[in-house]
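In what follows, a single structure is set out as structure tokens and then discussed.
When the chains are written out, they are named A, B, C, D and E in that same order, and each has its own residue count from 1.
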Amino acid sequence: MSEHIAPTRTPAFEARLKKRYAAEKRFRSLGLAAIVFSVAVLVYLLGTMTLNGIGGFQRAELEVPIDFTQAGLSADPATMDSPQALQSLQGQGLPEVVQYFAQESLGEAGAEELGAQAWRDVAQAIIDDPSIVRGQETFWLPASADLASGYSGEGSQDLQALAAELDAAGKIDKNFDAGFFSRADATNPQQVGIWGALKGSMLTMIVTLLLAFPIGVLAALYLEEYAPKNRWTDLIELSINNLAAVPSIIFGLLGLAVFLTLFPNLRSAPVIGGMTLALMTMPVIVIAGRNAIKAVPPSIRDGALAVGASPVQVVFHHVLPLALPGILTGTIIGMARALGETAPLLMIGMRAFVASPPDGFTSPATVLPMQIFLWSDEIDRGFVERTSAAIIVLLLFLLLMNGLAIYLRNKFEKKW
Amino acid sequence: MVTVVHENLEDTDAKMSARDVSVYYGDKKAIDEVSIDIPTRYVTAFIGPSGCGKSTFLRTLNRMNDTIPSARVEGDIMLDGEDIYKSGMDVVQLRARVGMVFQKPNPFPKSIYENIAYGPKIHGLAEGKDELDAVVEKSLRRAGLWEEVKDRLQDSGTALSGGQQQRLCIARAIAVDPEVILMDEPCSALDPIATAKIEELIDELNGRYAIVIVTHSMQQAARVSQRTAFFHLGKMVEYGRTSDIFTNPLEQRTQDYITGRYG
Amino acid sequence: MSLTILLLLALGLGLAGWLAARARAWTFRKASPTGRLASLPSYHAWYVALWIVLPVLVFIAIWSAVAPGLVTQSVLAAPAADQLPAFGFQRQTILNEARAVATGAAQGVFNPLAREFVEPYREALSFYNWIGIAATLVIAFLGGAFAFLRLKPDFTARTRVERIVMAILLGASLVAILTTIGIFVSLVFETLRFFGMVNPIDFLFGTHWAPDPMSNPENPDATRYGAIPLFWGTLFIGAIIAMIVAIPLGLMSAVYLTQYANPRLRAWVKPTLEILAGVPTVVYGYFAALTIAPAIRDLAVDLGASNPSSESALAAGLVMGVMIIPFVSSMADDSIAAVPQSMRDGSLAMGATTNETIRRVLVPAALPGIVAGVMLAISRAIGETMIVVMAASTAANLSANPLDSMTTVTVQIVAMLTGEGSFDHPATLSAFALGFVLFMVTLGLNFIALRVVKRFREAYE
Amino acid sequence: DNSAGGGSREQIKAVGSSTVFPFSKAVSEAFARGTQFASPIIESTGTGGGMKLFCAGVGAETPDIANASRRMKASEFETCQTNGVTDIIEVQVGLDGIALASSKGGIMMNLTPKMVYEALAASPYGGEQTTKTWADVDPSLPAEPILVYGPPSTSGTRDALKELILEAGCKTDEATKALKETDEDRYDQVCTEVRSDGAYVDQGEQDNLIVQKIEGNPNAVGIFGYSYLEENLDKVQGLPMNGVDPTYENISSFEYPGARPLFMYVKKAHLDAIPGLKEFLGQWAGMWGKDGPLAKIGLVANPDDAAAAANAAVTEYTTLDGSELK
Amino acid sequence: MVTVVHENLEDTDAKMSARDVSVYYGDKKAIDEVSIDIPTRYVTAFIGPSGCGKSTFLRTLNRMNDTIPSARVEGDIMLDGEDIYKSGMDVVQLRARVGMVFQKPNPFPKSIYENIAYGPKIHGLAEGKDELDAVVEKSLRRAGLWEEVKDRLQDSGTALSGGQQQRLCIARAIAVDPEVILMDEPCSALDPIATAKIEELIDELNGRYAIVIVTHSMQQAARVSQRTAFFHLGKMVEYGRTSDIFTNPLEQRTQDYITGRYG
């Protein structure tokens, strides 16, 4: 055997080896490229949304200095506390006062383009601090939607010219619009806010969580720990796995046919939306829960059983606490998906114009993604930026939730 | 009965006794008509090649087999003359009376204190904190672990070394005051020093509890046990005093196994 | 208002029962020579508490359905009742207003007539409130006494409590089946109605989709209900274009992450990729419609297409593909990770390079899992709604050109259900038939995928 | 607080047409601001979906108002009747012009309904559709390929297109017109079916996108509601029809052929039951005038006679007898 | 050097030799300055208690340790005098020359034929179908498996019994014509009969390849090997002729281990 040269030591072998290494390199770079591409798409998506949306947090406002001493308004602090304060100010002619000073400051054409509801901002300022009616105050009041688009270089030529003129005089500016976070839907892009939709989303998510979490966790425990292996449990398993993949719009059809038939007066209500989304989220929690429960090593169950714990005690004393981080991670991810869901809600009446934030689980509401969908369909072009701004808010929530899930996963990653 | 049982065992009284016990996993017979008396005062060792059914049989003794859906037991197993497979038998209580220690140490991922206190708590064996503290201390002392851990009872049980973990598991079993302790290869995951400690501990516990130990090390069986049962292919081949089995086996298969012909 | 009171009452009574039973069990224990009970005192306590709370809850559920009727009845006995309008809704409004004032939920009334009923309401409400409270007390007492009397030192309270726990667990897992049945039922009736108007053969195999919601619903033109173009569009966008994007990218990402990337990179990249799956579809839709679709159109123009559609199947499919990447990659990741390390070792020990190991051993071994993952991803893609609603068109074209506009099943469901047609028109009902087909297809895909995954897992367990 | 199971509702609820949706929203907003009543909920379900909800019955769980971009159908009216919705107030809130437009500086044509019909029909006058360019339709038109972005068959705008333009164009042929009497189905098909070979692109409900589409393609023609044209006049130009431009005045006077009425149906039974419903109708009336706020956002005011009828409807609450519905 | 090496080993020429090899997992030293010569013509057995580092050391010999990110090797290992850890060393080629068989049989989930053909194919050792067929047949014959599987070469390798699978893995290693074959407890997952077959096979392969076998069964080491190295706590304690180690160990620890005092 000594003269035999192993085939793995021939020059031919080594030549082939070079090629194999080249192939290795190519393959590896392909893998890297796939990842780089995917991440790049994500960055591009988030980037464009952010760039488009930043402007949505601002609105074009006009400078209107008001000299209240000339206006002769009375703002008795007592009346200013009552709910009728606004009416009182309107009755005293505040709108006209604002209009007058607007003409002084902006000229005829400019004042025309002051939003018809601009005086309300002034009224609110007076209600907040009645003492200002004894002095002079400079207000930045929202411009009309048309002037606002003129200011961003769109819309009619006349208004673009007017905007340029006002800009030159420093009387129009884009300011941060804090009200965007406290108002609800409106028809005028200058007046819209996302609080209504956000609150609707929160109410909906609370319902979803309250239903999906306990049911999901209990079902996961049952299936993983107690269920005998028979046709029934196979059926349960199949339906859960299937529900996790059923198109979300089908859940909308279910909500329409079942929930809205049972509770027709709760159309558009967060409680119905929440129930529909809970059915969608529950299987996600069950599956995540089962995986987390499966990851608890059997030796721990054995240990507990061997000191005489009953199966229920084993689960509630040992398995559940250990699986909880995993279950929570799954729940957060499921909830994040529900938070971004639109399609099923189209079917159950949440595609609605709701101009005031919902005040309970049963009052009509819309949700953030639905608000985005509705705004994306708006005629007025001022909505384009507002839509992107709402998207940013939604994405922030989702990133937060995902981040929390990742944090939980890393923190509690158990090695037994 | 196919088993060869040495004659000189009558002096012992049986804590547990199995009669014609067969165990199936689905259709597969893993234990074939085993009959044995587990004496009250001695350490009994089960030896035999891998897969011969030692663990399976051990787990029938406190019905841990119930957790395997496919497992099915035939024949009778008595604890103090009471059939543990009779209907209406309370498995929870049975397992409190017949404790078990596993191959891989499996402390709960809780504090050392909680590990020991868990059994007494769920069985209501201790009232109030003081009594519980006493039980914990006593069990840890018996398991020879007290000195090593008394200052860190709140540390996690999983933070101990492998040998300490195994002693913790023994202490956990002791804490509910069992009558029988089953041990399934308790040292096979441990290093030699930890193994020696456990063997010492078994020696000390001997006489207080009926102890059954499965081991793949014949030397260990020879060192710690007074009775040895040799299993092969699901059957119990031979059962007798440890000294007799190792010096004077009656069966050829036993002879071959202990001299290393196979396994 | 009274509902909350009753619920609080129930909980309070339950707590009282809990404490009493526990104390009782302790006395047993003190008396017992061994100091051992069959069950811990706390199980005795729970046993009694459940016997109090569960019957009371049942009562409250029934009571809260019955009581308002009783209240209304007694209010209608008031003299002013003659003046109430006969029309139920209007009458109810007035009564509700009165009720709101009576309970303090509202200050004043909108309809003056309601004022007459405030006082009767107040009386009836408090009367029935007391009745409810009394009944609750009686029921709680009966349940509690029954349970309490059963307590004995050897009473197996734990087994009984645990039986209830198990029943609750079983109930929770049945929700999934109920949901599935619910979906089936909510689709199947309308679907059958639709098939009563349009022959299923025409629907499933026809190649022309142009339902006219305005036409006479009596005798629909079945030739306009051929859903093949929808099925084709759905497949083309979701199963072909999206997968052409998602499979290679997802698979290669998974391979790189599991086999090449160092753990630190992996720890960052994996969650980052998962964000792609977490972005709401309405955002993708907006992105597709506003950014990708015009870009593709421009590109097509540059390439010389005379009249490219801007809702190309390509735009929706590409974006959907990006959304699906993490799906494929995490399923592939799992499957590759499930191939035992010994396979990889075996191959490397033969002198194989990493990519040879991946391509010739790991991927083939993981293939069933990967295929199942892809099938799940496809079922997700064909059910995706918002992206296509916002970025695909509603034109049912049967074309293989990705630059053409196409429509999908989900788009048509939304369009038909939110459209112009009357509700019993076959065009509207077709949405349910489409939903039904979609449901059955995803059910089938999942069924197969899960079986494949299961086989595959079993092979290594 | 509805645990008592009673049917009452605080807010007004309106459902229905996505075309009327923006106007209804505006009215709702003004109503909420100007009165003490809760802000009405306006849901965009499409006319058909709205009718279904509207006709399901009376009571708190059903909407008070159905917005419609077409007239109620006789079948829907019947459903309403059987479900107890007997007294329905019909209000024509205004007109929606449908406009044909191209991008500013893009293709400019003087069209007639006949030309549009011939260019878009699936089978003009029952024959084969062979036109490729506008010039194929009529030599006076430019020789550019026909490319029209328009509403989908599920939308009210499409219905208007069919009724107001295609059918009008179709009827110019006597033989086809005669078909209406003999074989109505065939007539419908010939006159209203739109070609599906790519020359007509079905554009989903997103009218905004149509604007963007034609903005990007100078040879493309878009068909959408007048409000979109009005909002985007800086980008697109309306195409004249029969020599008439799609302007506010021309639509309102019906001189531009593409105008259709928009409706609102109100349950009379709810007028007294829902707080503020009457005032809400008043709010509409206050806003739908020629110089009213709705006109600013694209609603074309009713011609005088219709305006009078509408004003009567929201003050006298006359109900629909259903006999003239189709 | 702490290792006791028996004196009478000079006659053999070393195929591989390790000098002061230490292996770390992260900070933990799993192998501590081991030096050994692996002879060309004999079977060398590594024995020692669990966790003493036998597998770790074995895997340094064909750099399979490279696949464990935390593992780090110090010292020199030579194959035919060439340092296999030198930079520029080709691992692919090394592993083709130094084959390995694992504890659990790990056939690829492909046909029996494909399992054997895999190595020759990736290394391009056979041209055309005929040559490949010949290699497959030769390897299976050498592994004593040919008669059993020749009629079902297209069946999956995983459908074979455990012992057949392990022989398939040996055949797979043989197929690329290696110079050294490393075996890590190749029989520990097998039943006695299969074990006997593998031992027979090792006997037959002996002389053609340098073979290193890790085993936890001292009897097996005694039966199949000519050289034995005893490892303990990461150190090689003693190395010598198998017959000498078992009959006449020079170290107390070796003596204790082979007589079953621990492990």
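Going forward, a contact is a pair of C-beta atoms (placed from the backbone, for glycine too) under 8 Å apart; a residue touches a chain by one contact, two chains touch by 3 or more.
According to UniProt, the chain labels map to these proteins: A = Phosphate transport system permease protein PstA; B, E = Phosphate ABC transporter ATP-binding protein, PhoT family; C = Phosphate transport system permease protein.
These figures come from a predicted structure and were not determined experimentally.
Novice: Could you tell me which chains make contact with chain A and chain B both?
Specialist: C, E
Novice: From the centre of chain C, which other chain's Cα mean sits the farthest off?
Specialist: E
Novice: Kindly work out which chain lies most centrally, taking the average of its C-alpha atoms as its position.
Specialist: The most central chain here turns out to be C.
Novice: Report which of A-D and B-C is connected by more C-beta pairs in contact.
Specialist: Top pair by contacting C-beta pairs is A-D.
Novice: If you average the CA atoms of chain D and of chain E, how far apart do the two points sit, in angstrom?
Specialist: Chain centroid spacing, chain D to chain E, equals 83 Å.
Novice: From the mean C-alpha coordinate of chain C to that of chain D, what's the distance rounded to whole Å?
Specialist: For chain C versus chain D, the centre distance works out to 35 Å.
Novice: With chain centres taken as the means of their Cα atoms, state the distance from chain A to chain C in Å.
Specialist: Each chain's C-alpha centroid was found; their separation is 19 Å.
Novice: Provide the C-alpha centroid distance between chain A and chain E, rounded to the nearest whole angstrom.
Specialist: Between these chains, centre-to-centre, one finds 59 Å.
Novice: Which chain A residues touch at least two other chains?
Specialist: 8, 20, 310, 351, 376
Novice: Give me the residues of chain B that touch two or more other chains.
Specialist: 122-123
Novice: Which chain C residues sit where two or more other chains touch them?
Specialist: Each of 289, 351, 353, 356, 389-390, 417-418 in chain C touches at least two other chains.
Novice: What's the complete list of touching chain pairs for this entry?
Specialist: Every pair of chains in contact is listed here: A-B, A-C, A-D, A-E, B-C, B-E, C-D, C-E.
Novice: Which residues of chain E touch chain C in their complex?
Specialist: For this pair, the touching residues of chain E are 62, 64, 67, 69, 91-96, 99-100, 102, 104, 106-110, 118-119, 122-123, 158, 169, 172-173, 176.
Novice: Quick check: in the complex, which residue numbers of chain A touch chain C?
Specialist: 8, 20-21, 23-24, 27-28, 30-35, 37-39, 41-42, 45, 48-49, 214-216, 218-219, 221-223, 226-227, 235-236, 238-243, 245-251, 253-254, 256-258, 279, 282-283, 286, 310-312, 333, 336-337, 339-343, 346-347, 351, 369-370, 372-373, 376, 387-388, 391, 394-395, 398-399, 402, 406, 410
Novice: Within the complex, which stretch of chain D touches chain C?
Specialist: Of all residues in chain D, those touching chain C are 1, 3-8, 17-18, 44-49, 51-52, 58-60, 69-70, 73, 75-76, 79, 145, 147, 152-156, 158-159, 162, 185, 188-189, 192-193, 196, 198, 201-206, 209, 212-213, 216-217, 219, 269-270, 272-275.
Novice: Going by the contact rule set out above, which residues of chain C touch chain E in the complex?
Specialist: 262-263, 340, 342-353, 356, 360-361, 364-365, 459
Novice: Which of the residues in chain D come into contact with chain A in the complex?
Specialist: Touch residues, chain D against chain A: 2, 7, 9, 11, 13, 21-22, 24-26, 28-29, 32-33, 38-45, 53, 56, 60-62, 205-208, 227-228, 231-234, 297-298.
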